[in-house]
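Dumping the structure here so I can ask a few things about it.
Here the chain labels run A, B, C and D in written order, and each chain numbers its own residues starting at 1.
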Amino acid sequence: MLKEECGVFGIYDKDGFDVARLTYAGLFALQHRGQESCGIAVNNNRIISLHKGLGHVSDVFHDRELEELKGQMAIGHVRYATSGGKGVLNAQPIVSMYIKGQLAMAHNGNLSNAVSLKHDLEMTGAIFQTTTDTEIMMHLIARERLKTGRVETALASMMKMIEGSYSVLMMSPQKLIACRDPLGMRPLCIGKIGNSYVIASETCALDTIRAEYIRDIDPGEIIIVDKDGIRTIRDNVRSRQEARLCIFEYIYFARPDSIIEGMSVHEARKNTGMILAQNSPVDADLVIGVPDSGIDAAIGYAQESGIPYGKGLVINRYVGRTFIQPTQKERITAVQLKINVLKDTVAGKKIVMIDDSIVRGTTSANLVAMLKDAGAKEVHMRISSPLFKWPCFYGTDIPSKNDLIACKYTVEEMRDMIGADSLGFLPVERLKEIAPKSKCGFCDACFTGNYPYKVPSEDI
Amino acid sequence: MLKEECGVFGIYDKDGFDVARLTYAGLFALQHRGQESCGIAVNNNRIISLHKGLGHVSDVFHDRELEELKGQMAIGHVRYATSGGKGVLNAQPIVSMYIKGQLAMAHNGNLSNAVSLKHDLEMTGAIFQTTTDTEIMMHLIARERLKTGRVETALASMMKMIEGSYSVLMMSPQKLIACRDPLGMRPLCIGKIGNSYVIASETCALDTIRAEYIRDIDPGEIIIVDKDGIRTIRDNVRSRQEARLCIFEYIYFARPDSIIEGMSVHEARKNTGMILAQNSPVDADLVIGVPDSGIDAAIGYAQESGIPYGKGLVINRYVGRTFIQPTQKERITAVQLKINVLKDTVAGKKIVMIDDSIVRGTTSANLVAMLKDAGAKEVHMRISSPLFKWPCFYGTDIPSKNDLIACKYTVEEMRDMIGADSLGFLPVERLKEIAPKSKCGFCDACFTGNYPYKVPSEDI
Amino acid sequence: MLKEECGVFGIYDKDGFDVARLTYAGLFALQHRGQESCGIAVNNNRIISLHKGLGHVSDVFHDRELEELKGQMAIGHVRYATSGGKGVLNAQPIVSMYIKGQLAMAHNGNLSNAVSLKHDLEMTGAIFQTTTDTEIMMHLIARERLKTGRVETALASMMKMIEGSYSVLMMSPQKLIACRDPLGMRPLCIGKIGNSYVIASETCALDTIRAEYIRDIDPGEIIIVDKDGIRTIRDNVRSRQEARLCIFEYIYFARPDSIIEGMSVHEARKNTGMILAQNSPVDADLVIGVPDSGIDAAIGYAQESGIPYGKGLVINRYVGRTFIQPTQKERITAVQLKINVLKDTVAGKKIVMIDDSIVRGTTSANLVAMLKDAGAKEVHMRISSPLFKWPCFYGTDIPSKNDLIACKYTVEEMRDMIGADSLGFLPVERLKEIAPKSKCGFCDACFTGNYPYKVPSEDI
Amino acid sequence: MLKEECGVFGIYDKDGFDVARLTYAGLFALQHRGQESCGIAVNNNRIISLHKGLGHVSDVFHDRELEELKGQMAIGHVRYATSGGKGVLNAQPIVSMYIKGQLAMAHNGNLSNAVSLKHDLEMTGAIFQTTTDTEIMMHLIARERLKTGRVETALASMMKMIEGSYSVLMMSPQKLIACRDPLGMRPLCIGKIGNSYVIASETCALDTIRAEYIRDIDPGEIIIVDKDGIRTIRDNVRSRQEARLCIFEYIYFARPDSIIEGMSVHEARKNTGMILAQNSPVDADLVIGVPDSGIDAAIGYAQESGIPYGKGLVINRYVGRTFIQPTQKERITAVQLKINVLKDTVAGKKIVMIDDSIVRGTTSANLVAMLKDAGAKEVHMRISSPLFKWPCFYGTDIPSKNDLIACKYTVEEMRDMIGADSLGFLPVERLKEIAPKSKCGFCDACFTGNYPYKVPSEDI
C-alpha cells in the first residue's frame, strides 16, 4: 500500500471557537494522509505551545491534552514518514525560537533539493535535531528574516531557494501563514467557519467541521491571516496550466469526498474505471473493487460496462491498529488477516477486480489466489493507474526502480505472476481525462519519468 | 448503532500451532462482535492461565502477552457489554477453581432467566464477583458437577435450567467444550486446521486463520474435544425447524463474509435490498448505502431495480477509536465526524439511501439533511429490516419501547421527522425470504414480540 | 528481604471528608506493608464501587480515579502476595454480590486452615475466582448470612470456623465493619478525625491524616460503624495474655513510627540493639545499621555500648521501583545497586553492623565483603532477631526450612559463610523484653516452632 | 527542597560490556541529581541512537529499550529542570547533525551568559528547538568546528566563550569527550572498569558499577577517549586554588557516599554538624536529623556534643513518586504525608533537630510544630549551612531574594516564625573547614554574593 506523507490543518479564530478541538476534528478527517504521528500547536496570546506524539489523532489527544491547548490560532499535522526518520522528534508541528520569537511550522511534501540545502546550511554552522524538511525551511526563514522586516517576506524569499512539493502552515506570534509550492504539487485549500479562516490539505476537513469552502490556494501563493483579516502574496504564483498537481492524489491519496482543484476525487476515480472499461473490456459476471481504494473505480467500470457491480471482498475494519502477525507455522498472510472473500458471491463467476495500483505485485497475487480458491471461474485484474516506472521524490513512498514490478516485467509477465486471467492498466495517455473539471497541470513523473525538477541521476 | 454482545473462539491443538496467536487472529476477525474488552485463556499441560483487558484485541495483546500464553488449548472472547457492567472484572474468559480444578468459560448471548437463577443461587449462599451470565453458568456447572462424573454431563444438566441465547466455550484441564443453546439463537461453528479443531462464532474467523469449515454446531449440541478426538452430546438437541436463530445476525450483526446455517450473510443482505426494491420501488437516479452496513442491501436494491448503484457517503475509516466530540459551540454531530457526503455525486439527483435499521431516528435525520444540503433533489430512505417494536432479551442492545421510534410514531410520522421524501421498511412477512438457503427457524421477537421464552411482563 | 502481606485502611465519614483521598493518604502511609497491588472501594449512598490495580498507591490512583470514587465510606488495601497468586484479579478489596446485596472486603493475614475450608466449600459447589483467603471468608459469610439477620453476626460465626491471622475490613451497604483475629496476630487500630471513625493496620496511617488514635482493636473483637455510631461484638474476644501478636511486626514489618499495643515500634527496635549490646558485646570503633531496617537497632546498640553510632552504608532512595539488573558480564549484584559503602568512614575501623534478620545469608555476605573491600579492619555482624528456624503460616514469606540458613548451619558456620569476624543474634529467651509496654502475648513460631494453630505436618 | 540540575554518565567500552545497561545503572546511582527526565544515547559503529523520556530511570527504561541500545559508547543524563522548560523535548542527551555528522551531548550546569550567547546566535540566523544550554553549546561547537579540524578543538574554543558551570559529556562518531568548566563548579570524575573508561558526575556511580575511581577531571580540562586510548587537553585548565566548586554539593546535592575532590561528602556533612555543636551548643537530651539530608550532620553534632543521637522523625520511603494532595478540607500538609514523628522517642525531651538549609521556612515550621505536638519539651533547630542570601545562577534552584526568608528577616525573627526554642546556622566564615581534604576553592555565592562571573544586576 502506498503512503502519503502528511496532512495539515490550521485555524485563526475570530468567533471564540475551541481551536484545538476544531484542529483535532480536522486532523481526524485527514488521518488517511498520515497515521504515524500527529501534533497540534496553539497560539495563546502570542505564546505558542505544542503537544505531539506517535500514533493516531485519537491516541495522542484526549480531553486532558486538548484542555491544555487553549488559544486563538492553531496548526496541526498528521504524518507518515517518507523521508526523515520515525520517532516523536520528527513529529510535527515543529516549534522553534529564532530572532523574532517563536515560530511553529507543519508541512506536507518533500523537498527534492534538501540534501544540498542542508549541506549549505551546515557549511555555515547550522545544526539539525530532526531529519525533516520542515527544519531546513525553518533555518532558511530564520536567515532570510535577518534581511527583511516580515516573516512572510522571509517565507517568500525561502520559496525561491527550495524545490519540490510543499504545502506549509506556519504560526508566528501574530499570524497564521500558509503557502503552497509554485507547482501546486500537494493540495491546500481555504475555508471559513463563522468569521474564522481555516486552511486544510483537503476539503473533507472543512466539511467535517462544517466550514464553508472558499477556494484552493494558488500554486506559489502565500496566505496571511491576522487580526486585520486575510492577505495574499503572489510573487511566486504561477498559472494553473504550469502547475503540476500530483495526479496520484486523485487516484489514491486523497479522500474520495474531497474536491481538489474543482474536481471530485470520487468522480475522478469513477472516471478511471470508465476508461478501463473502454480500454480493457472483458466479458464477465461481476465487477468488484479491492476495498477501500478500488471501490470507486469499480463502480465506474460497472456503470460503463453494464456488468453488475458487487461486493466480493470484505475488509476487516479494525486493521488500522498494530496487528501482530501469527508465526510462520500458521502460514497466515497479512492480506488474509485484512481481507476475506465472499465465497457464495464469487463462486462460479467471471470476476473483474479493480485495484488502484500495483507496486510489488504480492497483494494482487494473494487476492487473485483467494478468489480462485473461493471458486471464481475467471479473475480479470484492472488497475486504475498506469504502470509505475519511476520513483517519486515529492512526498510519497513509491520506491526505487528495483522494487517496481513494472520496471522488470512486461504486462503479460506480470499477469502471469499474479495469476490473473487478464490484466489491464489505465493508459498513461488518457490520464488527463480522469479530472476534466480541473484546469490544473499534473505531475505524472512516477508513470512517465517526466520530473518537474532536476533529479540527481544516482537517485533514480 | 445497535451492538452485538460478544464473539468466541477456541482451539484444541494437535499440530504444534501457537494457540494464542491463532486465537488472537480469530478474535481479530470477530472484533465487530465486541470492542469493549477481550481476553484469551490458554491451557498449558492442564494449567490454565489468562490475560484480558479493556479495548480492542490489538490494544490488549502484544508480543509480550502472546509469548506468555503458551499451551495446547485456548479460548478467547471479545465483548460488548449489553447486560453486566463494564470494566475488566466483567471481561471474559472467566477462570474459576471448583471441586474438579480449573474451569475457563467464555460466552456469547444472554440468559433471560438470569435474575431468578441468581436469586436461587444466592439463597444457598452463592457469591458473585461479576455481573455476567457466565458466572451464573459456572456456579450451576460446579453444583451439577457434584452429582456427576463429567463436566460435560454437568453442562448438559445446566442447559436444562437456563433460558435464553448462549454460545459457550469452556476449557477444563483436559477438554475443550462448546455448546449452543437449544434454540440456536447465536451462531457457532466448527472447523479444522491441520488435525486441530477450531470453534468460532462465525466462519469469517475460520477463513482468517485458513481453517476449513466443517459445520455449524447444532442447536442444543455439546461438542467435546480432547486427546481422543471429538465427541458430541445431543441430549438437548432440537431440530433446525424448532430453532430460533436471531434474524438480525443476517441483517446487521454478523460479518458479510460469514456463512451462517448455510446462508451467506452478504447474500441475505442483498436479498433484503431486492425485497425492498420490489415492495418499495421508487423512481430515482442513484442507489446508495449507509456505510458500512447498508452497502450490501443497496447493491441488491440496485440490481433488482436497475437504478445505478453508487457511492454517496464516505465513512472515516478511523472511527473505531475513541473520539472526543468538539464542544457545543462548534455544533459538530457525531454523524458528521464519521460520515461525509460526496457532493458532486449526489447533487441534483434523486437518491435511494439504504440503512439497516432505525432505532431512534436521529442518525437517519442527520444523513438526509446532509444529502439535501449537498443538493440531492429527493432522498428516499429504505430500511433493510422491519420496524423495531419490541426490546431484545437475548444479547443485543435493542432498547425498551420508550426509546424505539417505531413504538411511538407511524411510518408517515417517522418519514416526516427524518425529512425523507419517502420511507420504506422490509415487510415483516417477507423476513424469512432473506435467508432461503437456511433450514433454520428464526427469532424475530424484536419485530413481532413473539418471544421464544417467557418474558417477565414488567421488562417489556 | 522478608515481606509483609498486606495493610488495610477504612473510614466512615460524618464530616464531609473526601473518603477516597483520605484512604489514599492512609494507604500511602501503609505502603511498606504491600507494594504489589492496591485498591479502594467506596460506598456512595449504598452503592459500592471499586478501583484497584497493580503497583504502588501513587501509580494506581491519580486525580481521575479519586474523583470517581465519591462516597461516605471507604476501605482500602495494599498487598504483597504471600499466598495467592499475583495479578490484578487477586488485588483487594474484593466486592461481591450475595443474598443481601453488595459486600466489600479487604484483609491482612493468612488463614492456616484455608485448604480445608476451600475444599469443604467446593464440596458444596462453590467456585473461586481468586486465590485469596478473602474470597473464602466471603463465601463463609454469605452462607452464615442465610442463618442470621445481620452481617456482623455472620462474621462472628465465620470467625469460629477460620484459623490463622486476619485483620479484616468490610463494607456492607450500610456499615463499616472491622475485626481482628482472636489471637490478634496482626495489628489493627481505631482512630477518629472530626466525628468520623477511621480503622487502620498501623497508627502511622492515623498520624498521616491527622486522626486521633483511640485504641487497638481487641483480639477477636468486631467493630461496627454505622449511622448510629460505633458498636462492638466481643463474643470471640480473648485476653491480651492469650493473644499472639506477631513479634516480627516490632522487629521488621511495621513502620518505626507506629505504636502497636502501646509499644513504640522504634523503641522496641532500639531495645533489640540494647539487648544485643548486652549479650554480644564487642570492642569496636563504630556501630552502623543496614538501612533502613537495621538503623533503629544500631542506635540502641550504640547507646547501650557507648560505641559511637555512625553511617557506614548508604541506600539508593529510588530502589522501590522495578530495576533491571545488568547482565552477567558486568557482575553487579542487587545489593550493590541498592547499597553503597562510605569508604572514608569505615576504612581502618572495627565495625559493628546491625541487620534485622538473616534468611539465606547472601545479602549479609555481600555487605561484609563491601565493608572489607572499603578497608574495614573488622566487621562484627549483629542480628536484631533470633535465628529463623521455622516457616510462617500467618502472612509473611519466611520460607520453608530448606531455604533457611539457620536450619542447616551452626552460628559459627554462618559467621564463616558471611565472612564476619563475629556474629550474634538476639537471644530468643529475651524476645519478650523488646516490647515491655505491651501487655500482649506474642507469636514467635518462626523462632521457636511454637505455632498457635495446628499445622499440617507436611507443610513444615 | 532545593534541587540539583542534572547528572551525567558516559562509557567507552573496550571489554564487550553492555554499555546501555552500565549507563542505566550509573544513572540510577545518580538519580538524586535529577528525577524529571532521563535519556541514554549509544554509539553503535558510528551511528548514534537515543532514547529519552519523562520520569525516573526505571520508568523510562525497560528491557525493550535497553535491548535496542546496543553500542560501544554511551552517554546518559538525568535531569531536573532549573532553567529550560519541562517536557521531553528538553530532555537530554540531545543528538544533532552538523557539518561533521552526528553529535550527542549531555550537560550538568548552567551558563550564566546564555541569554547573550543565544541572542548573538539568533542574530546570525540560528534557530532553537529547546530551551537548554546544551543546544547553545552545540551551536557554538558547530560553528567553531568550521574553523578547526577536530571536534575537541572546537570544544576548547567554545569553552572560552561560555561562562557558568558545566560538566559536559559528548559523543562524536568516534570519540567520547568530557569537559569540566574552568572553575570546576560541578563535579566530574573518571574511572575504569576492565579496560573501559567511565566518566560520571559522582563517584557513587563508579562504585555502583564496580568501576575503579581514577581521579577528578581538572577544572577546565577536556578528556578524549577513543580507539587510541585517553588524551587530555589542558588549554583552559586552571589551578585547584582558583577553582570554585559549589560548596552546596557537599552540604546537600551530592550523595553522601561520593567523594568529591578527595573529600567524602558524608564526612563533610558530619563536619558541619561538629562545627554547629561548637558554635551553637545547647543543653539537650537528643540530637535528631531531618531525613534524609540532615542525618549526617546530626551524627556529627551528636559526636561532638556528647548528646545521644537518635531517630525522631521517620520518612515515608515512597515519596519519590507523584503524590496527590488531599483536598483543603482534610488539612494535610505535604510535610505530614512525607514525615512522621516518633512520639514515644521525643515526648518530654529537649531536642536538637538538624536540617541542611532553610529556604522559605515553611517545612521547618511544620516540623517544629509536629515535634511539639508530640510532646517535645524544647526544639533547637540547627542548620548545616549558612543563611541563603543570594540566588544561584549556576544550576541549582535557589530562588531570588524575594523568596529567601533570610533576606527579609533576622535570625531571631526566623526562629520566632519557625517556633523553635533556638536557631543556629553554620557560620559562613567556617565554611571552608567542612572539606579539609579538598584542595579546591569553593563557590559560596548563595551565602556571600561573591559570584565568580559577572551577573546582570537585574537578575539578583
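Just so it is clear, a residue touches a chain if its C-beta (ideal position, glycine included) is under 8 Å from a C-beta of that chain, and two chains touch if they have at least 3 such contacts.
Computed from a prediction, not measured in an experiment: that's the story for all the values here.
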- Message: Rotating chain A so that its CA atoms sit on those of chain D: what angle is that, to a multiple of 5 degrees?
- Response: 180
- Note on the structure: Among A-D, A-B or C-D, the pair repeating the B-C interface (over half the contact pairs identical) is A-D
- Give, as an integer number of Å, the spacing between the C-alpha centres of chain D and chain A. 49
- Taking each chain's centre as the mean of its CA atoms, chain A sits from chain B at a distance in Å of 36
- Provide the C-alpha centroid distance between chain A and chain C, rounded to the nearest whole angstrom. 60
- Message: I need the residues of chain A touching at least two other chains; which ones are they?
- Response: none
- Using the touch definition up top, name the residues of chain D that touch chain C in the complex. 16-18, 21-22, 24-25, 28-29, 31-32, 35, 56-59, 61-63, 66, 204, 207-210, 255-257, 259, 264, 266-267, 292, 295-296, 299, 302-303, 308-311, 314, 316-318, 320-324, 326-327, 329-332, 336-337, 340-345
- Residues of chain C touching chain B in the complex: 88-89, 94-99, 103, 118, 122-131, 135, 138-139, 142-143, 145-146
